[in-house]
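Below you'll find a set of structures to go through.
Shared chain: chain A. Partners: chain B in the first complex, chain C in the second.
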Partner chain A sequence: MAVPTAEGTGGRKASRFSQDGSVLGLLVKVLGLSAIVGLLTYTGWRLLGDGAYAFAAAFFITALFFTLVFVRKSTVPLRWIMPGLVFLILFQLYPIFFTVYTAFTNYSTGRNVEKPAAIAAIERLTYVPEGSPAWGWTPLQADDGSAAVWIIDPADGAAYLAVPDEDLVPAAEVNGLQLDANGAPASMDGFTVLPNNQRFLFVSANQGVTFGDEERGVQVTSSTEARQTRQRYVYDPELDAMIDQRDGTIFVSQMGIFTAEDGSTLAPGYPVWVGVENFTSIITNPAIRGPFFTIFIWTFIWAFFSVLETFILGLLLALNMNSPNIPFQRILRVLLIVPYAIPAFITVKVWVGLLNPVLGVIGSAWNPGWFTDPFWAKIGILMVNLWLGYPYMFLIITGALQSIPGDIYEAARVDGAGPFYQFRRLTLPLLMVSIGPLLIGSFAFNFNNFAIIDLYNSGGPPIPGSATPAGYTDILISYTYRIAFGGARGNDYGLAAAISIIIFAIVATVTILNFRFTGQLEEVSENV
Partner chain B sequence: MSSATSKKSSGMTMATRRRLDTALRLLVALIFIAYALFPVVFVIGTSLNPSGSLQMAQIIPRNPTLDNYRSLLTSQTNPFLRWMANSLLVSTVTAILTVALCALAAYSFSRFRFKSRKRLLQGLLLSQVFPNILAIVAVFLMLQQIGRYFPMFGLNTLGGLILVYLGGAIGFNTWLMKGFFDTVPRDLDESAMLDGASPWQTFTTIILPLVRPVLAVIFMLSFIGTYSDYLMARVLLSSNQQYTVAVGLSLFIGQQFGQRWGEFAAGAVLAAIPTMILFYISQSQLQGGLTSGAVKG
Partner chain C sequence: MYRRNWSIVIALLVVASMLLAACGGGAEPTPVPAATEAPAAAAPTEAPAAEAPTEAPAAEEPTVAPTEPPAAEEPTMAPTEAPAAGAACPAGSPTLTIWADKERNAALLTIQDQVLAETGVCLDLQEVGFGDIRSNVSLAAPAGEGPDIFVGANDWLGELAANGVPAEMDLGAKAADFDPVSLQAFTFDGKLLGLPYAVENVAFVCNSDLVPTPPTTYDELKTMAQEMQDAGTVQQFFGLMAGDPYHQEPINTAFGGYIFGQTETGYDACDVGLDSQGAIDYLTWIDGMVKDGLLSADVTWDTAHTLFDTGDAACMITGPWAIQRFQDAGINFSIGAVPGQAQPGSPFVGVQGFMVNAFSDDRVLAQSFLTDYIATQPVMEALYETGDRPPAYLPARGVMDETATAFAAVTESGHPMPNIVAMSAVWSSWGDAIVTVFQQSATPEQAAATAAQQVRAAAGCE
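After this line comes the complex of A and B, so read on.
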């Protein structure tokens, strides 16, 4: 192994290793650290500006933590952990917190930015006041392809360069400006002057666009005229309302949406705290309650039977293969676990094809309604999951069987125990000791097995009359997904998060059982 | 043994009994191998079948062609190669970063003793109790927010997807890796330290070469896990050009079920190749690696 050696081999104590702590190393460390902390702080700062306070806090805390760990001598071991921990904090721990928070809000379509960002977005809207003087204008195109205009104030004849969302630039400050004989611009740095025959096109392409900022800007209203715009809505913190500058209409904030007396609203809205409403609506709102309980019960049935059927087939095959006399043991075992080696997103769709009533080899021969009948759709999906899931059980049971010492069977035979008795009283109990926790793990996995449900039939056939999109084969996690992202009536993130928390409570209970079984937590506290 | 069997057998010798037993076991194995392989054989057959039908008679096509592969790979509306490239990119980057970040953390947990060590280790394990698929809503909204400042890591980007996968991968894999690191004798790095090596040099020159098989195992597990993921990719990606093969292929067959079977089958065969290769390579390494790490938690 080539290891850098210290210069001057004459020295007795020449180390096999060069010492770090060189100026260069230090420089790299300092630069790397400031880059990461800078990035985290910058993101936090931007989030703060948009009013996402908690998310901003997550970034600031991470940045602070990072700095402390790398500055203090006593936290050297943590320096190794920190890079991974940043991802864990931001993309594993914070989402948990955010899910809990969201469950108590009405976060949804139309309420998907924080309040300061919503107000800022509405305050950017402008209008053209009546009787505002007509400005002359010339269309321009920036080098990046975006639109701009050259405008002339009718009051004093002063000319400006106007770009959307920026202050007007007086003519004197424009670089490389060349005027033609009529006083119109011929060329300038960074912009191309568009020919006059482009004016109509320009007007229709830029309807409602304000050139300049909301305080001082114009909209092009015809091929020859531009008019000065004003900010349309102003936020009044005392009323917690937006006031329309054009006619004085007051839009009062109602559950996160600014609403006028006549019922008209402003977009976007922002999420507000609604307490336990999302949770109670699961019980009190019949249109949600109906599908929820159907799905709730099916989720348990689904997870339970998935474990049971795969366990039985896996056990059967493991017992079957557990004989030294079978030829080609190795290759037979590999062939038996083939379904395990192919991603589910492929094989589920293949099964869907096989069950297809018109094209599929199974479905065309026998079709009790694999995708249309609520009962048979459930049977079909359990059948597919049997194929997907038994190899895992086969693998772990085979492993467990091989670890059961052979001499206990010898003893049982001497005592006259038959094969069935041996299986029931020796094999099965010993198997359950090692397999039990894995069965619970498998239950938890299938409880949240979104992929197979969604790929099989997208949760269908649909449950009629439900307020949220829901199907008979939907399980809680796929139902959550549909509420959050699949709604034709808009996405209800708050309700989806509330159901996530219910799923978590169930899975956590199961996992605690799992830890009890394995003593994994105790092991952690004693054996690390 | 002979006494127990001879009591029951009526005229049958022990050897014939055993042969019958083995034959029966072999029969059961073959039946279930047929069950396991049936859909696989079917897809391969369909992918080579010019009519793209799923009927039994066509399981071994009479006149096999590569037409389905050709039309899949040249399709303008469904950029299959792009999906494959996306999947391979996301899975490779995620797996490499997972291995790197977890190796650093595992080294520290395995070799240093510090105040909050035990609590951090427990925390890592507990953080896995809440699977991040339950936080999909939050993750979706977070990426929406981040995308406003860093378009590369927003919704519908591969960068954002990688960030989310990394967040979910760190906790468990650090634990797994720490177990393996513990099996490397401490004498090795202590003698290196005596020779004047810094912890970083010990890590790179002593530990990493010794745990290379484990790094390979974590890489493959992480790669296969990411490659096969459907949920996160489905939620976070929304355009044809950004899809991973998991999302692209399943939506593609969902659209025009009837006419697309041949092409879908071709895509399925191609998409299964990366995991099949890794699965084949990892067969021995997986078992060896996992058991050697399990010796000492």
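After this line comes the complex of A and C, so read on.
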């Protein structure tokens, strides 16, 4: 809104709204602030109309926060990071809040709208009373411009003039009626017969309009037919139920779905608060618990070895490339990071092709069961991840090596340390100071590396006899994805949110422990 | 100074906010909440490429998807905005927004001007990737942002109907013009929820040079495979990919197996036939073929088709999407009915159709447009020309080429792919069971029992 000045950022006792005191400047600032706050409020208001209360609240809170920051003296420095903070609230904090909230609801396929929207959708359903005819209709326009229809029962030829909210007028009582050769009206007093090419426009303009009285009135249901459609379900707020107008069946709201006594249901439903049910079902439901332990262990093995193997290869290459004696050093360095530059999606599929037992270059020559043997599938996927992951390690280790001062090696040589001793006591500890946090990041990334698992073999080969579909290379995230989205009940967002919170807890714990570990390394470095 | 500014700011803020809020009070809701959920829902229910028929054509269409406009942008377009091609909508003319994929969009473009001229209704054609329609429509429709009409596949119905998205369809007298299987496929819970335009199924394709007379039973197939593989004529006689329920359904049904039992109103999710005697017989046949070296766990979708391309496989079960590559490879092939065994084999029939958004204010207009303009010979023929699948609308079948005619002949023996939500559990559980038999890590009985138990547990009917 304005360029930061020493006065502004310093928060001195000058006015926040004008450094020069000009009225124009003040006006511009106030209007700018109004526009932003207005936009946020307006968006929140519209969301409120949709029943998205939580998201609307996030917008209102953001708007309030914005206003406070800009009018309060003590928060002046915050102004300059406000845009960032706003995005943080709306696109980071809110999704986290929403995920946690969702974990305590049964939000899923069939329960994907808010309650008012679900009720409105069900109340739009109609029915045609039994025995009522499918009328043919002709569009009419009254002299005052309002719409009416001429309806004919195709069975017996009985015809009526139908005007909204009035009794049907039998053909015999219509003044000045002229019929054409087909029995359709050509003209009548007080009304103009609209040509056939106006039918669609007439349908469009009169959707939901009942022509005739409440009892016998009709609605146009297609370009040629009119039916006695009636609203099928009416919501009763006292019972919290939908009443079927046709036969009186009561559909009581049960866990967000209107359900009749015989078990039949109405769609759509809405999510309701279910407390910790999603979390307890992870523990108690045998279908979910089934191969959980096997997958849990493999997830750790997978993430640990992924980090270890890429670190070792990256380290070896970086140490080699760091030596001044290597010819074509620059070109080789570039070539070594090429796998990092190619999208992983392509690389994994190329490897899957190479390992293909029938057509692949590697697989057709040597196939211990790259996709079918539980052990070798794991080896295969670790191998692919080695290819994908070592350039990253190579890159960061190369950078870290170059930041280690050369004089300490000199000192070590003077003290009589050999190359291996230098590596073990100098290079590695100093590397770990800067690389350690990145290794933890790499661990957390691979812990949730859904893409490679899914692309390699979709978690296969399958574990025979497991209570729920699972494969030997499935990790927690791919396994839970299967449960939450591949199950027989559609997409279970509530369960998925609950599981993702548990995965977050695991990753957070591992990360904290690891940070403690690297914290100790820092102490080591201080002693070097 | 300080006080005065304070009050001015607050006053202006209140006025500005109220003005803005008042202006927008009756406007349509924003798609923002949908956007935050979209990533989670983007792909979840899609079965792997080779499994679900709506996905199977992906093998020939993958280059299409990335170039398509992101679907999330679509709903924000003003309804009166001019379509990409064709005449701009006249101000005030009623508009029908249609989500269709590239091929269907091309066919609809041909009638856009005609519809506007004859009825005054403007078609706002928006191109959305076929798979994206499924996930986006469930989120956009309830928010009032969805299209009036969208194309889709019959196996989406379980999910869409649970979300109340498709409106009931009344084809009137025109119902008689549609392939009964296609109407059955779009019937959910006793209600017709779509207007079908194309049917799609696999057939038995054989290399005519290698197999002049295709086998008619699986016993016969096994004998021929044994002979030709012993003679070294082919690498693997029967190019059957390991573990794919979609392509193997005709074998399963030939042995008398079934997936879900049928009731009057549709499929019964709790009547799981995966461990029926027929299904076990089918897995036993696979097991025997694998043990005799006639089928292999290593054959994937790509492998099977490549083997056939090169003449290293003599017969396979595949769909119309593979025909072009066989022709390009110069293979001389026949397309015929899938072999029988205990009974005739019956492939899944996937059906694509137009659905009306139940949340749309223009439902009646949309329905009228579909029955009056889409369910007509010229449009159905145009849809065939761009989509290359047998039309579900029988009067349009006259324009089919030889390939489409051959596949359409097999459609009659097929059954609609189950459209209930529980089917998504079948793709993974039944797929895994077949794989374990191919890999010899489970006996047919064990595999069948595991799959059936998994599906029953997932559907909550034990």
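Heads up, the rule we're going with is that the second predicted complex is superposed on the first by the 307 of 528 C-alpha atoms of A that agree within 3 Å, B and C clash if a C-alpha of one lies under 4 Å from a C-alpha of the other, contacts with A are read in each partner's own complex, and residues count from 1 in each chain.
As a convention for this text, a contact is a pair of C-beta atoms (placed from the backbone, for glycine too) under 8 Å apart; a residue touches a chain by one contact, two chains touch by 3 or more.
Source: prediction; values computed, not measured.
*Asks:* One more residue to check, A:31. First (chain B), second (chain C), both or neither?
*Replies:* second
*Asks:* One more residue to check, A:121. First (chain B), second (chain C), both or neither?
*Replies:* Touch partner of A:121: chain C, not chain B.
*Asks:* On the A-aligned overlay, A:392 touches which partner chain: chain B = first, chain C = second, or both, or neither?
*Replies:* After superposition on chain A, A:392 lies in contact with neither partner.
*Asks:* Once the shared chain is lined up, is A:481 touching chain B (first), chain C (second), both, or neither of them?
*Replies:* The answer is both, since A:481 touches chain B and chain C.
*Asks:* Taking the superposition as given, does A:221 touch the first partner, chain B, the second, chain C, both, or neither?
*Replies:* The second partner, chain C, only.
*Asks:* Of the two partner chains, chain B (first) and chain C (second), which one does A:372 touch, if any: first, second, both, or neither?
*Replies:* second
*Asks:* Considering only the touch criterion stated at the top, classify A:197 as touching first (chain B), second (chain C), both, or neither.
*Replies:* second
*Asks:* Kindly classify A:356 by the partners it touches after superposition: chain B alone (first), chain C alone (second), both, or neither?
*Replies:* The answer is both, since A:356 touches chain B and chain C.
*Asks:* Counting only touches as set out at the top, which of chain B and chain C does A:448 meet: first, second, both, neither?
*Replies:* first
*Asks:* Would you please give the residues of chain A that touch chain B in one complex and also touch chain C in the other complex?
*Replies:* On chain A, the overlap between the chain B and chain C contacts is residues 15-17, 42-43, 46-47, 50, 52, 55, 94-95, 98, 112, 356, 358-359, 481, 484-485, 493, 496.
*Asks:* Which residues of chain C touch chain A once you look at their complex with the stated criterion?
*Replies:* Listed in rising order, the residues of chain C that touch chain A are 1-2, 5-6, 8-10, 12-13, 15-17, 19-21, 23-25, 27, 29-30, 32-33, 36-37, 40-41, 43-45, 48, 93-94, 118-121, 138-139, 142-143, 158-159, 161-165, 170, 172, 269, 296-300, 302-303, 306-307, 358-359, 361-365, 367-369, 371-372, 421-425, 427-429, 432-433, 435-436, 439, 441-442, 446-447, 450, 453-455, 457-460.
*Asks:* Touching residues of chain A toward chain C in the complex: what are they?
*Replies:* Listed in rising order, the residues of chain A that touch chain C are 15-17, 26, 30-31, 33-35, 37-39, 41-43, 45-47, 49-50, 52, 55, 63, 67, 70-71, 73, 94-95, 98, 109-110, 112-113, 117-118, 121-122, 124-125, 197-201, 203-205, 207, 219-223, 225, 267-269, 286-287, 356-359, 363, 367, 371-372, 458, 460-462, 464-469, 471, 481-482, 484-491, 493, 496.
*Asks:* Can you check the complex and tell me which residues of chain A touch chain B?
*Replies:* It is residues 1, 3, 15-17, 19-20, 42-43, 46-47, 50, 52, 55, 75-81, 83-85, 87-88, 90-96, 98-99, 102, 107, 112, 313, 316-317, 320-321, 323, 325-327, 332, 334-347, 349-354, 356, 358-361, 364, 387, 391, 413, 416, 448, 450-451, 454-455, 477, 480-481, 484-485, 493, 496-497, 500, 503-504, 507-508, 511, 520-521, 523-525, 527-528 of chain A that touch chain B.
*Asks:* State the interface residues of chain B toward chain A in the complex, per the touch definition above.
*Replies:* Result: residues 1, 4, 18, 21-22, 25-26, 28-29, 32-33, 35-37, 39-40, 42-43, 53-56, 101-102, 104-105, 107-109, 112, 114, 116-118, 120-122, 124-125, 127, 129-142, 144-146, 148-150, 163-164, 166-168, 170-171, 174, 192, 195-201, 205, 224, 227-228, 230-231, 234-235, 246, 249-250, 253, 257-258, 261, 264-265, 268, 271-272, 275-276, 279-280, 283, 297 of chain B touch chain A.
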